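Residue numbering begins at 1 within each chain, and the chains themselves are lettered A, B, C and D in the order written.
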Amino acid sequence: MMNTFGNIYRLTTFGESHGPAVGGIIDGMPAGIDIDLDAVQHQLNRRRPGQSTIVTARDEKDRVKILSGMFDGKTTGTPIGFIVENGDQHSSDYENMRHTFRPSHADYTYTTKYGLRDHRGGGRSSARETIARVVGGAFAMQALERLGISIHSYTSTVGDLSLSADYTKYDLSTIDSNDVRCPDAEMAARMRELIRKIKGEGDTIGGIITCVITGVPAGLGEPVFGKLHAMFGAAMLGINAVKGFEYGMGFAGVSHRGSEMIDRFVTDANGKVSTTTNNSGGIQGGISNGEDIYFRVAFKPVATLLQEVPTIDDSGNPVVLKARGRHDPCVLPRAVPVVDAMAAMTLLDAYLLNKATRL
Amino acid sequence: MMNTFGNIYRLTTFGESHGPAVGGIIDGMPAGIDIDLDAVQHQLNRRRPGQSTIVTARDEKDRVKILSGMFDGKTTGTPIGFIVENGDQHSSDYENMRHTFRPSHADYTYTTKYGLRDHRGGGRSSARETIARVVGGAFAMQALERLGISIHSYTSTVGDLSLSADYTKYDLSTIDSNDVRCPDAEMAARMRELIRKIKGEGDTIGGIITCVITGVPAGLGEPVFGKLHAMFGAAMLGINAVKGFEYGMGFAGVSHRGSEMIDRFVTDANGKVSTTTNNSGGIQGGISNGEDIYFRVAFKPVATLLQEVPTIDDSGNPVVLKARGRHDPCVLPRAVPVVDAMAAMTLLDAYLLNKATRL
Amino acid sequence: MMNTFGNIYRLTTFGESHGPAVGGIIDGMPAGIDIDLDAVQHQLNRRRPGQSTIVTARDEKDRVKILSGMFDGKTTGTPIGFIVENGDQHSSDYENMRHTFRPSHADYTYTTKYGLRDHRGGGRSSARETIARVVGGAFAMQALERLGISIHSYTSTVGDLSLSADYTKYDLSTIDSNDVRCPDAEMAARMRELIRKIKGEGDTIGGIITCVITGVPAGLGEPVFGKLHAMFGAAMLGINAVKGFEYGMGFAGVSHRGSEMIDRFVTDANGKVSTTTNNSGGIQGGISNGEDIYFRVAFKPVATLLQEVPTIDDSGNPVVLKARGRHDPCVLPRAVPVVDAMAAMTLLDAYLLNKATRL
Amino acid sequence: MMNTFGNIYRLTTFGESHGPAVGGIIDGMPAGIDIDLDAVQHQLNRRRPGQSTIVTARDEKDRVKILSGMFDGKTTGTPIGFIVENGDQHSSDYENMRHTFRPSHADYTYTTKYGLRDHRGGGRSSARETIARVVGGAFAMQALERLGISIHSYTSTVGDLSLSADYTKYDLSTIDSNDVRCPDAEMAARMRELIRKIKGEGDTIGGIITCVITGVPAGLGEPVFGKLHAMFGAAMLGINAVKGFEYGMGFAGVSHRGSEMIDRFVTDANGKVSTTTNNSGGIQGGISNGEDIYFRVAFKPVATLLQEVPTIDDSGNPVVLKARGRHDPCVLPRAVPVVDAMAAMTLLDAYLLNKATRL
């Protein structure tokens, strides 16, 4: 259950790593929006395996086919069904894992919950499911663009390498200029070096993605259980390998005093209200205040190692696992478009929900 | 909208800080559970203002009245309506705030979203709304107890004072032995001192609450958009003043290698599967694995200062605000039962959802 | 579960016949609407027992108390909590029913489903729960009025007495001019006579309520699973004692040919589109077309007889039941405001949902 | 919006009449159920156009492809994605309708609601969408079979031809022995003759489908807004061309007295409770009581006539329409498997929801 995301703008996904296809249905896309399908495919390409030397070599084309919901290039307000066929499958890579519980994967928990599992490539627990989210997000982005809203996610930390400044100090249009998706070219080079080194050791490394959203009107978000940041948090924590979420001042804010952290309101000559600082991260009382929204998402080092790892099989016997598939030493570069997508869907959903606030 | 929390076990809340009452409706409480109403009231007392010298002096009795859903001391499976009357109101404390936008509060965003607001005590944005959550959680806890599940939240950080060890090193039965709700008596004393000092300055301070859940069976959580940790995250981020959430290895895990972080499976003589470490925080692939669940919740220093603060009014003119209400210098001690409550409701909801996994 | 009605405009209800109170929470009421609380109470008075000689003599004042969600006479966009206290309770009337399964009531099914039940006055299955719906509907009506939408329900059939003409032939402003709530005074007199006769026999009788909605803009309703008439149908079938629902041509339409039933479009001088007939009942493809919406709701004769009735107890033994409570011989007159209320909530919900159709 | 049906067992559908495919995603299918895919295809074949001389000649193979959610022939508990490609399309048949509002179709209302529409074959409003429902229902049926529950829908009325007896008088295993899907061979022949005659006139005719469900355990259904019959009603009213729904005594019950209609409880030697009559239609207080469930669904004569029909275009000008597509003169025979499917999904959903009633 719960393969649907969202309230008004809703994405339902299906698909396993090694089935015929993954895909989904977008319900609630506003009618009459011109859609650039190349831009949708572009987001999938950003997520695609095999795009650089620091990500998995699995070579998937990941071409999206739209099956419904558009007419003459525009959305019709009816559901958008889509599929992406699975191509470059090495299912035999996984045959030795049919009865093995890989450590820190979902093998044991799926088997316990459902009584059986599709062991090939992680089945439904594979991050390949995020393809559908990227498509759902790409449609949402095109609606948000018409509202003047932009979303920029980037790799801000890999292992112990972190950008030292906040997002305002970088040119966010340069994120895709390197394969790490970090807006500081020099830091990107160091991160790439670290990922390669760890890959060479058959190991993996985690990191942090920062997401910045600009142009958001004040008033989005529902103030009790639908707080805008709680919606973002749920969206991000639903991405594979995510272990933490913080927005605005985040965890670092706890050691500060209220007098240091409050954001003072000012009014400009045109009566526009803004705040002189933005420790609130653009959200106050769960509702956007018109300032930039920003948050940070922590990704663990993925659990698939190209090393021998002792574990157990589904009869409880000890076995030694050595993964033979093709894997990412660091998911951050490919997770950036997934963060973008989840952010876009969340915000469009909040925007559409908010329309019902007044008659 | 969105004043309902949960999927199967659902709490809907109502009420403002200075209206006649706050309350809620619990829908989906399993039938036939004996309820100890004193235990429900006990949770409210843990949240109550005026309970110690380090929390707000507002003196509310906060007595819960159950209006439906029980018969002969047991739940009937029908909705449990309840109210808690608002008593010790000093509405006149707020008259000077009718037109003022308090910094880092919801005054500006509510006014923008709805076109009007109840300014008294923050209206709906007041943390007084969490009373209803504590009641909803207290019922859930009594169901969870029958399943052998226990929830323990405690203050682990106040400002720059942090417990140095993880939860396994403390006796969690001592959490309520001090008014900070920290299971280390010496650290609690230091935290209390810090809070008093900051209170004396008219300032506020943040902190971190750690939540530990034991006795959870493997298999709870839905693996894509209903990941158990995403449900916890959404629940926690919905609490007033929360800025961050992490579980298991959390943000700290990003700088480690996969080989350091994976949790190895072992089987004991009875065939019971467990892991030798628990960096996963008891959740793998979004589903509980039978180990302890633990997560951390970051609370900002609250924005109400007993100092003069420059801000603007709802016409955009500069004004100087000096709060006259009675306020918490640090919300952590009173937020502990709210974290407990949200955790309990989330887990019972996941438990009930999971019942539909098999025919 | 499922004590919540609606998608955007949502009513959650609680309460049993003989508990302290019934009540509910309205979530999603648009902000900034002036509310006439006397008009809310007026709808409750229309539903109130004891209002005439043809309804139950139970004498409840049914005064609604609003607990939240309003400020300075306007809705604030936050949830509206309300309660109606239960007053004139003769719980002892029901003591003999503690172990009895009344025929065609919910006693047996509740006991089977939940393992226990509150036997007093039917507990949760009592139509007293509809009080909360009337309040929820009364708020919705005040929003709809601002949109120029009017709802008129009336008793069109009691037993074998039926109005011979369709709604266009009656003055719907006269519905409340008699205690049957039938817009034809002569027929109302005959219906009243029939109800009195049946009451004298300790028996009951059913009937049909017709609902007419005028002023609905075209475009409301979601075309697949949220068809406007399916939303109305679910709403009406959720009212106690309802056995059937039909709209537009309804069941009678099945014996006609398509060429007789299609509604031809015409355009007036101002370009306004309308249809020359309205067999569609104002809804085409699940979406309102701007014509009047009308539907019919069938109510069974209620099952509580003031006669001796053989049945069984909860141990399976035969017993003879003779109801001693005060009961309605015919629910139609008091069900009219409930139909009005459910129709109002459904339509406002559809209106608010539709706002998300376009960006 | 609202292209999802159900609460726990959820079907989301996509697709238009003349796009590349229709399809859907089933979420909430219990894990570990052996699926007979031929039985799924069999249900589609029962709905398929071109299967007899009394239905549309459009010749679609309607082969379902399952894309996910199964492994080794069993359901895995993950979502089941599926598509059915659209084959025999004569889109040019519809070119003349691009700007025409067909009477009593959804052309005008879609255009009003969305600002545009896919005019080919009715686009999303085409009954071709029900393919996805038949697939969703076919999976649900296989789960219900394991619970001993059977669903039998049949054509009971066409035009003014009605079966004279209730369902207990017919052998429901013979429903598919004729192309009308009526369990009385002689009546079926008369109905077929009527349909052919009307088809020859370029006209259409409506009818009633009766649905009977046996083997339902007592206790299913949620008693307030999720009454079992309200769930069935919403499901049936969501099928194209449906104008009415009644269960148990239905509309006919209104003219009877309570003393005639109550169903008396009796206990057999084994303590099993049953009722001596079944005017309740197997549902009391919204909850199944263990007796057979039965209800009736009214279908209008479809609006597509093979005659010249005056109407207007989307500029408001009068035009004359003559449909050239291939159409059903009577939808009943092909609607029978759709009623079966919606009933199956509704009942499985109620069954899974009910599992959460007790801990």
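The rule we apply is simple: contacts are C-beta pairs under 8 Å (C-beta built on N, C-alpha and C of every residue); 3 or more make two chains touch, one makes a residue touch a chain.
Predicted model only: the values in this text are computed from it and were never measured.
The most distant chain from subunit C is A, comparing centres defined as mean Cα coordinates. Counting C-beta pairs in contact across B-D and across C-D gives the higher total for C-D. Subunit B and subunit C have Cα centroids lying 39 Å from one another. Our note on geometry: subunit B versus subunit D, Cα centroid distance of 46 Å, whole angstroms.
Centroid to centroid, with C-alpha atoms defining each point, subunit C and subunit D lie 26 Å apart. Of all residues in subunit C, those touching 2 or more other chains are 1-4, 8, 13, 28, 31-32, 77-78, 113-115, 124, 223, 353, 356-358, listed in ascending order.
Those residues of subunit D that touch subunit A in the complex are listed here as 1-4, 8, 10, 12-16, 19-25, 27-28, 31-32, 65, 67-69, 71-72, 74, 76-81, 83, 113-118, 123-124.
Touching subunit D in their complex are the following residues of subunit B: 8, 28, 30-33, 77-78, 143, 146-147, 223, 352-353, 355-359.
The part of subunit B that touches subunit A in the complex is made up of residues 1-5, 7, 13, 101, 103-106, 108-110, 112-115, 124-125, 129, 157, 159-160, 198, 203-208, 218-219, 221-227, 229-231, 233-234, 237-238, 243-251, 253-267, 271, 273, 275, 279-281, 284-290, 298-305, 307, 309-312, 316-318, 353-354, 356-358.
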